[in-house]
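Chain naming follows the written order as A, B, C and D, and within any one chain the residues start at number 1.
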Amino acid sequence: MAGLDKRVNSYQEALAGLTDGMTVLAGGFGLCGIPENLINEIRRRGTRELTVVSNNCGIDHFGLGVLLEERQIRKMIASYVGENILFEQQLLSGELEVELTPQGTLAEKLRAGGAGIPAFYTATGYGTPVAEGKEVRSFNGRPHILEASITGDFAIVKGWKADHFGNVVYRHTAQNFNPMMASAGRITVVEVEEIVEPGELDPAQIHTPGIYVDRIIKGAFEKRIEKRTVSI
Amino acid sequence: MALSREQMAQRVARELKDGYYVNLGIGIPTLVANYVPAGIQVMLQSENGLLGMGAFPHEDEVDADLINAGKQTVTSVPGASIFSSAESFAMIRGGHVDLTVLGAFEVDVEGNIASWMIPGKMVKGMGGAMDLVAGADNIIVTMTHASKDGESKLLSRCMLPLTGSGCIRKVLTDLAYLEIENGAFILRERAPGVSVAEIVEKTAGKLVVPEYVPEMAF
Amino acid sequence: MAGLDKRVNSYQEALAGLTDGMTVLAGGFGLCGIPENLINEIRRRGTRELTVVSNNCGIDHFGLGVLLEERQIRKMIASYVGENILFEQQLLSGELEVELTPQGTLAEKLRAGGAGIPAFYTATGYGTPVAEGKEVRSFNGRPHILEASITGDFAIVKGWKADHFGNVVYRHTAQNFNPMMASAGRITVVEVEEIVEPGELDPAQIHTPGIYVDRIIKGAFEKRIEKRTVSI
Amino acid sequence: MALSREQMAQRVARELKDGYYVNLGIGIPTLVANYVPAGIQVMLQSENGLLGMGAFPHEDEVDADLINAGKQTVTSVPGASIFSSAESFAMIRGGHVDLTVLGAFEVDVEGNIASWMIPGKMVKGMGGAMDLVAGADNIIVTMTHASKDGESKLLSRCMLPLTGSGCIRKVLTDLAYLEIENGAFILRERAPGVSVAEIVEKTAGKLVVPEYVPEMAF
């Protein structure tokens, strides 16, 4: 595999180098746009003591929920974890550490991590438990808190299409946190539904440029729906 | 009589203005979309990265890759745009959303809001609520005026951990529409058939009652 | 024109409300992707004492250069102004105030302005004249400087296509600073080559969502090339 | 003999590795693209928002909307991506670019670089240079060893206003390839036919000369 060709042949290869205690950034919102197969591969590898950064933590028996079952997660940084009974149990038993972070602050911390911005000020969370221990400073007469960026050892990302160079496009709202995770991983692994030849994707319409991506793999996805809601 | 959930949504919908970009929270706020007044056009923002949220899909349109912030399957309207969570909260934090409607456990006379955590019970997380209340100038909180046990949710000072500090100016409950000014709730409208006395009784925080408090009409 | 339809019929209407002393954010890099007609309309209006934020300041007699000729700019915030002789003259004569800002910091200040981030830390410019008077703080053992965000009264932006709601796509590298300018303007005006019906642009491929845009107008563009360079 | 501009570009190109993302500054750095070693694949980043910069266009391909950071008309290669200036500098500042090659007026033994301003002369601005030197781990500065008047550009301490502080580790001049370590220039290679004595003479900052200094071969 030469130079800019990021394709790997197996999920084992996709996560080569992932070891106990690492920080893993996982894309997705609810069950939408989650890297299902990469999550399953982490389970298969049995990697433990992980810090996982993701907006949610899957549900019982699916998505990141499977890593809770195997007690592979030591710390979770997320904005909403309410869909998961195991989560609650492990939190109450002290097995799991949780850092709840406002959704927009979480997205911005990750974008900042990828963009070389170590910290930024935001009004979000001022005067709430989120602000505890954080520096407060006023800008334009309004108090803001200082938030630090987040980066990870690995980012696991779900794309729709990618070319060999790792240029990725996402489908509909399956985009969500994926681009920020991709930019903030030291090693960024993207699983996609389709790999196309370089030149097939419109250069002006790439969501994640290949420079952020280290490995890509084509997978098959269940795409489970969390709340199927229809009009009659 | 106390407003129904639908009437609450209907009343909130009267605050919509032509051309507004609106973020609707989960629950009663979601229902507001059903009562957009005739002749005005609004665009609904869903903080998972969708501007131009449409109706729920028909069975054959359901797409796992197109959901709203409540994780429900949705559709997008013509002229919608879809983007990352960072871009979505750039819009929200940057004050580009014209109106935000969300639920709460408690609101107080200083405009503080508590909506995400009840210590001792399970902590589910704040999701996007802290960003929404910090980013918007124009927020309407919808909630019942009192708990099922009759405890007021309009307080002198929120008891629960805050979602945001000093950011709420408008509250619609099942009994009344109130504005928060100078450390007090101002009673602006009451639900049809609900007396001022009942509202006074169920409001724990300082309440200012103007001479004339109109009844809402539906 | 109702609700979400941002179309206006004339350049006069496009810049209605622009008055002396305002801050104008202008998209473009060199002469690529500049809002040529909106700049010309500012000239026509004769608005003065402007603060203009733009990566460059056009060239003599084209782009923002025309506003220098008419002495309409009081202060310029830019990263590179080397293509413009008038600029030099006005700077040396004291007519023009200049705040030179590293290109990436400028882009980030504008993105932050649009995104409600009042300030951020960056290593760019530490130990240089850019850092003068700015707070220094170390993160991960490396000194960074605090940079404040930028917003403007008006943003003038050049797009390729837009729909009625102001969803914009840019063509090739004519994108450059335009999306950040669009997000950071209190009133954002976009001139485009083509206006299409809502629904014609792919929702997942919008560069500037309509929420940032207040007015759109279709224009005709010269698109002058600054350095025509060809292979033989 | 001192290296030609083409030879300097050729020497720099030997630092390219398969799979590198590379930002090439204006002038000599731009020429490096012509000497990418056979069998390796690199992607050129242009900070105005293009990853995958190609050759200059043929006359009939010229497009005003497709330029590089030097404002020259260019093409893009298959697999290129195009994005905003904020995204472009997110890549640069975030350390995602593997190699940056840029010119300078002066470099000193502390790794400081001055490349954008000569007080008294016109100030054109730093463009993206400050971001590039702050964001990259791996930078090669290309410049002549001395000015036309014979003044060394490799100093104990830069005299001109800095572009970046403590960020330069590699310098290629027309006379030598040097690395900066522990407050000194280490002479690693010399141009064919250029003596160590000449380099010593033209280097104002502390210079360490290893026992053996190979000549570059072309």
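Everything that follows uses one rule, which is that a contact is a pair of C-beta atoms (placed from the backbone, for glycine too) under 8 Å apart; a residue touches a chain by one contact, two chains touch by 3 or more.
Here the structure is a predicted model, which is why all the values come from computation and not from measurement.
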Number of hops, chain B to chain D, where each hop joins two touching chains: 2
Interchain centroid distance [CA atoms averaged], chain C/chain D, Å: 29
Interchain centroid distance [CA atoms averaged], chain A/chain D, Å: 35
Multi-chain contact residues (two or more partners), chain B: 76, 82-83, 89, 92-93, 135
Contacts with 2+ other chains: residues of chain A: 108, 111, 115-117, 122-123, 171-172, 175, 203-204, 207
Full enumeration of touching chain pairs: A-B, A-C, A-D, B-C, C-D
Contact set on chain C toward chain A in their complex: 108, 112, 115-123, 139-140, 144, 148, 169-172, 175, 202-205, 207
Of chain B, residues touching chain A in the complex: 46-50, 55-59, 62-68, 70-74, 76, 82-86, 88-89, 92-93, 112, 117, 122-131, 134-135, 161-166
Residues of chain B defined as touching chain C within the complex: 18-19, 21, 40-43, 45, 51-52, 76-83, 87, 89-97, 135
Residues of chain A touching chain B in the complex: 29-33, 55, 78-82, 88, 91, 98, 100, 102-108, 110-111, 122-130, 160, 171-180, 207, 223-231
Partner chain D, residues of chain A touching it in the complex: 2-5, 111, 113-117, 163-165, 167, 183, 197-199, 203-204, 206, 209-212
